[in-house]
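Shared chain: chain A. Partners: chain B in the first complex, chain C in the second.
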Partner chain A sequence: MRKRHTTKDRLITVALHIALVAGLFFAAFPIYWMLSSSFKSNTEIFALPPTILPKAFTLEAYAAILGDPVKLRFFFNSYFVAFAVTVLTVLIALLAAYGFSRFNFRGKGSLNTLIISTQTIPPITLLIPFFGLVVSYRIFDTYTALILTYLVFTLPYAILLMTGYLNTLPRDLDEAVAVDGGTSWTALWRVIVPISLPGIVATSVYTFLLCWNEFLFALTLTKSASMRTVPIGIQLLMGQHAFEWNQMMAMSVLGSLPLLLIYLIAQRFFLAGMTAGSVK
Partner chain B sequence: MTRQKRSRHRLKRTVAPYLYLSPSLVIIGLLMLLPMVTVISYSFQNSAVLRRDSSFAGLKHYQAIFADPVFWASLWHTLYFTCISVIFHMTIGMIFALMLNSDRINPTLRNILRVLYILPWLFTAVIIAVIWRLLLEPNGVVNSILMQLGIIGSKIEWFSSPETALHAVTFANIWAGYPLFMVSLLAGLQGIPKDFYEAADIDGAKAYQKLIFITIPQLMPIIISISLLDFIWTMQVFPLIWITTGGGPIYSTEVLSTYTYKLAFSSYNLSQAAASAVVILLISLGLTLFYIRYQKAR
Partner chain C sequence: MAEVILENICKTYGNNFHAIDQLNLSVEDGEFLILVGPSGCGKSTALRMIAGLEDVTSGSLRIGGVDVVDMPPKDRDIAMVFQSYALYPHMTVSENIAFSMRLAGKPKAERKKRVDEIAKTLQLTSLLDSKPANLSGGQRQRVAMGRAMVREPAAFLMDEPLSNLDAKLRVQMRAEITSLQKQLGVTTIYVTHDQTEAMTMGDRVAVLKGGVLQQVDTPKRLYESPVNAFVAGFIGSPSMNLFEATLMGDELTVGAFAIRLQNAAFGRRPGLKSYAGRKVVFGIRPEDLYDSNLESGRKYQTIPAKVTSIEELGSEHIVHLSIDAARVDSGDPDAVQDFGMASNAVAKFEPVSAVRSGSEIRLALDDTKLHFFDPETHLAI
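The block that comes next holds the complex of A and B.
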């Protein structure tokens, strides 16, 4: 059948490749522009006609960011909060997922529904009572405030993701431990955790990304420059010197590195995490 | 096993799951369910948190919101922003997924393009906002390309003129959000059995007929559940709009979340903001119930 349609067939193939290039331009040009602008001087960014490749390649924007202790502190804060939340979330979610995956108990169905529905609670709704709580417990502008609030948003996803993973593991493994007289606690740490590493990695990646990207709570629950995270830092940079576009782009590139690296190194885990919310 | 031992074992099996779940339930209860009760109670107080006056205010704050034309404008902008975003996320995601799934392109190219097409997904909303501000600057690259092509005659202030601002932020959000659909649909496409298409070939079906009668019906469950989630999440948009336009100019891009945020942290009227937050919560809950029903029916 193919042979009779060779010209038509070839035309379709060519059209498809043209569409692919157009799609590529749509998807990647904005990012390319960010990258190339970060290596330009401020005057060159708005040169007419625009220069696609930096004419005078310069690292001055990166030097300005990396030489400024205030901005380095933003990065430290983002990494610190994201790591702390990831460790806590994965531990707590692992226990809950083990309960969901290996036991039948009263209220299991409704608890599961509760956790699924907490995924969709609007952050802005929780922001106002959180602000009230944070002020009255005097933890405004502290790491504690950020870590506790992020934990609430990461936990439901992490539980669903881990439960999904544990459900794929055969039950005979931990039942064998029970036959030998071991408790479920022993089974969890001796048998389940070692073979759950892929699930744990996917959950960690996803949790880390959620924290790294968070904006609204970091904006509201912190105040001093020494407590701000990268997304807020970028916004501050924009307010302070609205025309330092090359620095803003350099900071954006640096702020995107963790996600890009995780994606390139662990694409599989990344995708598993990012689509977790939708697969139930 | 002796009888005593066995019953102790059984007791352990009944208590154990609750113990494993308890840390999560304590956190969700204290930091999610309790705050929801708190926000509702704030919305009925005269003045919550700052200048604390917790006397009962009745429906005062709700009436104030419903009488505020900016609230209704925000609601309309949120709906416009969300509906257009979801429709385009789905369409672009579908087109890209079908293109990448075609056997007309070579596998290496396919893998490279797949990575590049996912790119917008890897960037934080704040960074996406900053990138689009640079691209759409009056002296920026988009204006200069459009002018060179003769599509526009003079520089357009995309984010700072009331006629274009809402479209511009919606466009930026479309760009940022299609990969979720693309990735999910691509996975869905690979799950459709090949013999469906072979059977259609034997019957002499055309390409578009295969698309309408096999591919789309097979992908329907994914399309519906991702659309619902995308709708719920897009409705909650904050950073993208906050950084690009801040809700302006003259409220032209004000959405429910920026409206609420300003009530709380610019006007310091936390009770009225709480009322607005409760309205957003109710809309979200309605959609969530719909989503959960759909997931259960599946």
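The block that comes next holds the complex of A and C.
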């Protein structure tokens, strides 16, 4: 039976839509503002009243960034560190998660609790100890310092994420490999990894994002311009005497693009169904 | 091909739970042995121990004369079909079947030849490039079989491979697996909780309960001569009716009626005489109970019964009855509780039977088909 819509129902629907549009505006406007400002001149950005659309559309901010080797280096650094950390995190987390998911060993429960508990420590409290360690090991202002530090933050969550994913995969598959003549290693690489792509991609995206956006440790553990990453690079555009807002916005746009691309590429892996047809 | 011998096999878990207790079983070369029992009886554990997927707590396990207790699954020369099929979802049918050969380092040409042979036998040729997700339940089951067959193992281990199929397909696959096993002649151990599969597929059937082997015999002998009330109740569908009675002379006194026993009954079971004047458990299968109004039932003695409900299956009527007797539990935890407050017995009548629900009838029983068990031990007399 079709339900009759009352006036009250309609009012609720209208109110809901107004609230949603307001929410959308609130979420999307900063992104729009970043985009539009990146195509304005710095003078126009400071104009009052502010212009919603660029009056004089210009690519000068992008040219300034893409033409400056120092700024391009920020991008390279961000890519290199984020990529290295992602690869290492996924590799280590996968092996650790396979262990947690498939084997029983002494101290498994305690180790699991320890990993979870690391998530409760605010990263900023570790800044000074990390700084001390990095200096002691003479790796200050190096990729190694950033990569090792980031690994400490990405690994626990990645292990938990991957363990959760592997736990959803039927153990019969590992046993089928064992009966077919393979070892646990064979099962992991030939069967578990190929069907864990959604889990691996989710972990990779999470790790990449965390590294790409990281500011505090990158600021503290690096010093030279050649080691700075994009978030620090954006901050460096705020000089003592000048604020290059259009360049900051252009750099933010360029910095966001890889993430957008990663999301678009990874999207299809988030869909369920990798194990369809395996069991039952 | 090889014989599989289990000697005093035990499996105890950390919490001191005995999943398998002193299991002795000898499966001959080429034999099709069914391991059957209710849920939690240890049948899958036993199979997994043979496969090497579960550690053996104690005892000896030999496949083809080789002690395999400490061997990993890959060295046992066995192939297994899992209840869930466990097909590799990212591989095609062809890759699934050939996977073990690939791991063994067999050349591509040899793999292809063998896969083609298997696919032909299992009618999978047109599906070789499909992924498991695109197959029906029956096709997946065949791929799982193919994966086991490809290696020409010493023994096949099958863990309830038909339980995920619908009833019709199950009947078809039952016949296919049986004929395939005969054709290949490979020693096969097949786990099921479905006693119809047990009765129709195997050369011999091993009945387990609570981790203890109850009886190993041919389906016919299990049906005709169960060693105890559990086996009697477990084998056969619907289950055997078990009641308590007192043996008075040549009569079984049951509540308000008595069943006369012929001399032959005592001749076949000399031990029965020692129960004179004592309680005894007797059993009768639903197919040995008749509608006294029909020709088939006229020659037998009758007892009073009340019809509580009828399931008309077309080829037969399953008639639920209430008789004035104390029912005995066979000890099968999975037994269907079709005995409500009103009914305590089941009979299979011919479809021409005109009995109606709620009517008082005379129930004919073939007293030569009675089974007797000790009321304490439940062992057959």
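We adopt the following convention: the second predicted complex is superposed on the first by the 253 of 280 C-alpha atoms of A that agree within 3 Å, B and C clash if a C-alpha of one lies under 4 Å from a C-alpha of the other, contacts with A are read in each partner's own complex, and residues count from 1 in each chain.
Definition applied: a contact is a pair of C-beta atoms (placed from the backbone, for glycine too) under 8 Å apart; a residue touches a chain by one contact, two chains touch by 3 or more.
Predicted, not measured: the structure shown is a model, and the values here were computed from it.
Touch criterion met: A:L111 reaches chain B, while chain C stays clear of it. The partner that reaches more residues of chain A, of the two candidates chain B and chain C, is B. Contacts of A:F215 after superposition on the shared chain: chain B is touched, whereas chain C is not. Once the two complexes are overlaid on the shared chain, A:G182 sits against chain C while remaining clear of chain B. Looking at the shared chain after the overlay, A:P170 reaches chain C, while chain B stays out of its contact range. Of the two partner chains placed by superposition, only chain B is touched by A:P122; chain C is not. In the overlay built on the shared chain, the residue A:L53 is in contact with neither chain B nor chain C. Residue overlap on chain A between the chain B contacts of one complex and the chain C contacts of the other covers 183, 274-275, 277-278, 280.
Only residues 170, 172-173, 175-183, 186, 190-191, 194-195, 273-280 of chain A touch chain C when the two sit together in their complex.
Contact residues of chain C toward chain A in the complex are 51-53, 72-74, 78-80, 82-90, 99-100, 103-104, 131-135, 137, 140, 147, 151, 164. Residues of chain A that touch chain B in their complex: 1, 12-13, 16-17, 19-20, 23-24, 26-28, 30-31, 33-34, 37, 45-46, 48-50, 92-93, 95-96, 98-100, 102-105, 108, 111, 113-118, 120-133, 135, 148-149, 151-152, 155-156, 159, 183-184, 212-213, 215-216, 220, 231, 234-235, 238, 245, 248-249, 252, 255-256, 259-260, 263, 267, 271, 274-275, 277-278, 280. Chain B meets chain A in the complex at residues 12-14, 16-21, 23-25, 27-28, 31-32, 34-36, 38-39, 42, 48-49, 95-96, 99, 102, 104-105, 113, 115-127, 130-135, 137, 139-141, 144-145, 148, 175, 180, 183-184, 187, 201, 222, 225-226, 229, 232-233, 235-236, 238-239, 242-243, 256-257, 260-261, 264-265, 270, 273-274, 277-278, 280-281, 284-285, 287-289, 291-292, 295.
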